[in-house]
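Next, two complexes with chain A in common: one pairs it with chain B, the other with chain C.
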Partner chain A sequence: MVDTWQLVVFWALFAMMGVSALRVVTSSNVVHAALYLVVTLMGAAALYVLLLAEFVAWVQVLVYVGAIIVLMLFGLMLTRAPIGKGMFDNDQRLVAAVTAGALFGVTTWIIVDAFEGQKITLSKATGIRAESIGDVIFSSFVLPFEVISMLLLAALIGAVVIARRD
Partner chain B sequence: MDFVAPKIALSGIAPEIALAATALLVLLADAFIGDRPRTLRPEHGSARPGSGILGNRWHLPLLSLIGFGAAVYLALDAWDRVDATGATTQFSGMIAVDGFSVFVKITLAVFGALTILLGHEYLVRRDLEEGEFFALVLFSVAGMMLMASSADLIVTFLALETFSIALYVLVGYQRSRLDGQEAAMKYFLLGAFSSTFFLLGIALVFGATGSTNLYGEGGITSFLATTPAADLSLLVLGAGLLIVGLGFKVAAVPFHMWTPDAYQGAPSPVTGFMAAGSKLAGFAALLRLLDVVLFPLRWDWRPLVIGIAVVTMIVGSILAVVQDDIKRMLAYSSIAHAGFVFTAVIATNDRGISGALFYLATYGLTIVGAFAIVAVLGGPEERRTRVNDFRGLFAAHPLLAGILTLLMLSLAGVPITSGFVAKLVVFGAAVEAGYTWVVVVGAIASAIAAFFYLRILVVMYMVDAEVAEEPKAVMGPLSIGVIGLSAAATLVLGLFWSPLIELAEKATFFAGP
Partner chain C sequence: MPEGGTYFGQYVTIGIFALVGVVLVLGTLQLAKLVAPNVPDTDKYTTYESGIDPIGSGWAQSNVRYYIFALLFVVFDVEAVFLFPWAIVFERFGTQAFVEMVIFIGILAIALLYAAKKKVLEWQ
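Then we have the complex of A and B:
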């Protein structure tokens, strides 16, 4: 049984994400498009919270909103790409629309086909809490966790080597 | 759920820890001890003549070598332990401590140490910073070692990324060279592409078996033991994608596109390291995955791997013939050698595994020496690497020409060199498993390959009037030492191969479920 307020929040998020996703592709200003993308991705994070997946929600915020969008904005700023109204439409609208539509269709079909209409009631027991993920990371997956730190350090040194001025 | 602290035993990854710690120490020492090359001699474009090759910066290579020595010691220690108590897994089944991983780790440490020695001289002569170079080599060897003893696909992926990222940077280390930057970029893009294949393979294997763990409770091995073979198509598909990801790292056709460019653009010591180390690490993961964990599925993956082996041997050998640049030619030859090792993988017997280990160890020792010779003859920006630049090498440097002859004959697989014994072992394993026709293809490929090794030799000994510029070797004691060591190993292992083969045979025991 789905609570009414859950449905209300879901449709509110749906409207917000739909509008901002449309503005991402229709806005003629790159920076505006990137900011609309932030709204869309935040909406996705809110959906994850609604599904009791708090950890995924925070990862969504940190990685997509925090890192990738910031990276895009930095990229725009540093490469002197035309910020502001402009010349960044490359006449690939039809191809883009077909690709996005196909991806949407395939994903929807896979999800509908996989779950075959079964309903999953959400409760505290079925939600994946950050606590249990933390437990796993620091017990059975402690070695991968440590190896990632070595990997990031190697990448950091590599970035310094490549970017250093002579 | 209460938090259960995991049991942590460090003996399995002690060599990796030693190398990572050494890398940090090298970076610290680089920052605080001695002068940076540019402050040392700002007025010189290249190294000062007459100054000892070690300069006042001997501490960094020495520290790195001590790190590799410690790694070998710790690996031998782990060997003693598994010899007494049998192979185990550590870190909740993430790390396999077995003879196989120890053998690979010791071999990798030797390759790393040789790279440090060559790299030191190479960098000092070109006024390049050393600290980061050594740190990246240490990190990448640590990643390769982890790959050899990983018992979980997630760890395998992280280890793969660790050594790959370090190698992407090392390929473009000499930033004044445009072809080096191009090579690094190509290697990076294609490497990232192949990593996604590997990752998707892990996802599919997880989807099929419910685990990424190879040996543990509920892991892939026990899944295969308990599940009837009926519905494994998802697992086979995942395994296929894993083979694609690892095939890229060992430079197997059709995932070899990056090899010639990366080998040519990289500084030669790095090229030798890539050819020796990255191949060994990739094949270590492949051998553990295919010949041990997925052994029950061998009838499913074998056709694919046979196809890769045959195409790799033929394409590598044929394309090498038409190369004009010796580094590109050795790159294609390394592709062909990957194909020869694949014939040992498809044998799926103990002889195949020990043969592959022997092959990769001897090939690595030979190829490091060959690229060391290319490095000392190439000049500051390695422009003199065309086959014709070796014209008249015998007249200018008879001993160097003699050693290069030995190394080339070993790569071609001529008797009394280690390359001959290695080919004999892997082909023998494949014949034993009943794949004689693959061996016949391998023999044909070797015959084609002999052509281009001989081409270098002919050019080298040819004395004619048209030599535009005599080959000039710029060598210090470190290069001479590494080249001599490589030649000695090639010859000695070609004559007295049995100790190393016996060691490899002793090493073919794996951690079990």
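Then we have the complex of A and C:
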């Protein structure tokens, strides 16, 4: 049931995310890089909407665009990051390229290996809804759910230890 | 979830609103550029046209204590995300879901208590 316009929207998002993702790593101003990351993450959220995973899309907007970017910008403000041209470029581009390429290759291989040839038809039944997520979290994944709160607790206590004066 | 047609239809509405928003901002800026007289002057590009000139860079290192508030926001943002699916299934799961969420929020409340006890929530 993939319509032509769905493909058009997909490729438009693909172009938008591709350009902004490139700008994230090539931009000479780290604050601009963080703002380009907002565009990339919003594109990912739009892709989730396109896949009928509405809840995941809004979680992406709330947590990644809302919270993680705020954390990144605060991190930049704390570190007195140099914003001049090429101030934080270094000669490790080859290593970075190899690492990024390997990561992309492995991820692609895993996804192809797991879903090769499968056709996932989108319908309102297969769309990931908040209800189906709630169903599994509060029945089969209770322990991981509670462990998340421990993780958040550890993050907060760590930040308090770093930030307090005494 | 609404059916396919109306589901995407709602997002088309959002898209139209977003487009109108972008056009409104860019359009008015361009219109101002067209209509306004253009008399460039170096004084106009200073930070304060009639005031004390700023010294040094505007990029300063901020206090690490701001980071606490950013992290508090992230933690409770993540908590809020879990509240949505919880609220939907709450009626069916009943006491079980209630106890699970109380434990979850309770552990996070410990973090808030710890932060309050260490006085990082007060601004001195």
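FYI, the second predicted complex is superposed on the first by the 126 of 166 C-alpha atoms of A that agree within 3 Å, B and C clash if a C-alpha of one lies under 4 Å from a C-alpha of the other, contacts with A are read in each partner's own complex, and residues count from 1 in each chain.
Just so we're on the same page, a residue touches a chain if its C-beta (ideal position, glycine included) is under 8 Å from a C-beta of that chain, and two chains touch if they have at least 3 such contacts.
Here the structure is a predicted model, which is why all the values come from computation and not from measurement.
Novice: So, A:Gly75: does it touch chain B (first), chain C (second), both, or neither?
Specialist: A:Gly75: touches chain C, not chain B.
Novice: Figure out whether A:Ile162 sits in contact with chain B (first) or chain C (second), or with both, or with neither.
Specialist: Touch status of A:Ile162: both partners.
Novice: With the two structures laid over each other on chain A, which partner does A:Leu52 touch: chain B (first), chain C (second), both, or neither?
Specialist: In the superposition, A:Leu52 contacts chain C only.
Novice: Comparing chain B against chain C, which has contacts with more of the residues in chain A?
Specialist: C
Novice: Let me test your reading of the model: by the given contact rule, A:Thr4 touches which partner, first (chain B), second (chain C), both or neither?
Specialist: After superposing on A, A:Thr4 lies clear of both chain B and chain C.
Novice: In the overlaid three-chain picture, which partner chain does A:Gln118 touch, first (chain B) or second (chain C), both, or neither?
Specialist: In the superposition, A:Gln118 touches no partner, neither chain B nor chain C.
Novice: Contacts for A:Asn90 in the overlay, against chain B (first) and chain C (second): which applies, first, second, both or neither?
Specialist: Neither chain B nor chain C is touched by A:Asn90.
Novice: Should A:Val142 be classified as contacting the first partner (chain B), the second (chain C), both, or neither?
Specialist: Touch status of A:Val142: both partners.
Novice: After overlaying the two complexes on chain A, where does the chain B footprint on chain A coincide with the chain C footprint?
Specialist: In chain A, positions 131, 135, 138-139, 142, 148, 150, 153, 155, 157, 160, 162 sit in both the chain B and chain C interfaces.
Novice: Write out the stretch or stretches of chain B touching chain A in their complex.
Specialist: Per the touch definition, chain B meets chain A at residues 1, 3-6, 8, 13, 20, 27, 91-95, 129, 132, 135-136, 139-140, 142-143, 146, 152, 154-155, 158-159, 161-162, 165-166, 168-169, 172-173, 175-176, 184.
Novice: Hey, which residues of chain C end up touching chain A in the complex?
Specialist: Result: residues 1-4, 7, 11, 59-62, 64-68, 70-75, 77-82, 84-86, 88-89, 93, 96-97, 100, 103-105, 107-108, 110-112, 114-115, 118-120, 124 of chain C touch chain A.
Novice: Along chain A, where are the residues that touch chain B in the complex?
Specialist: It is residues 131-132, 135, 138-144, 147-148, 150-151, 153-155, 157-158, 160-162, 166 of chain A that touch chain B.
Novice: Chain C touches which residues of chain A in the complex?
Specialist: Interface residues on chain A, with respect to chain C: 1, 49, 52, 54-55, 59, 62-63, 66-68, 70-71, 74-75, 77-80, 83, 122-124, 127, 129-131, 133-135, 137-139, 142, 145-146, 148-150, 152-153, 155-157, 159-160, 162-165.
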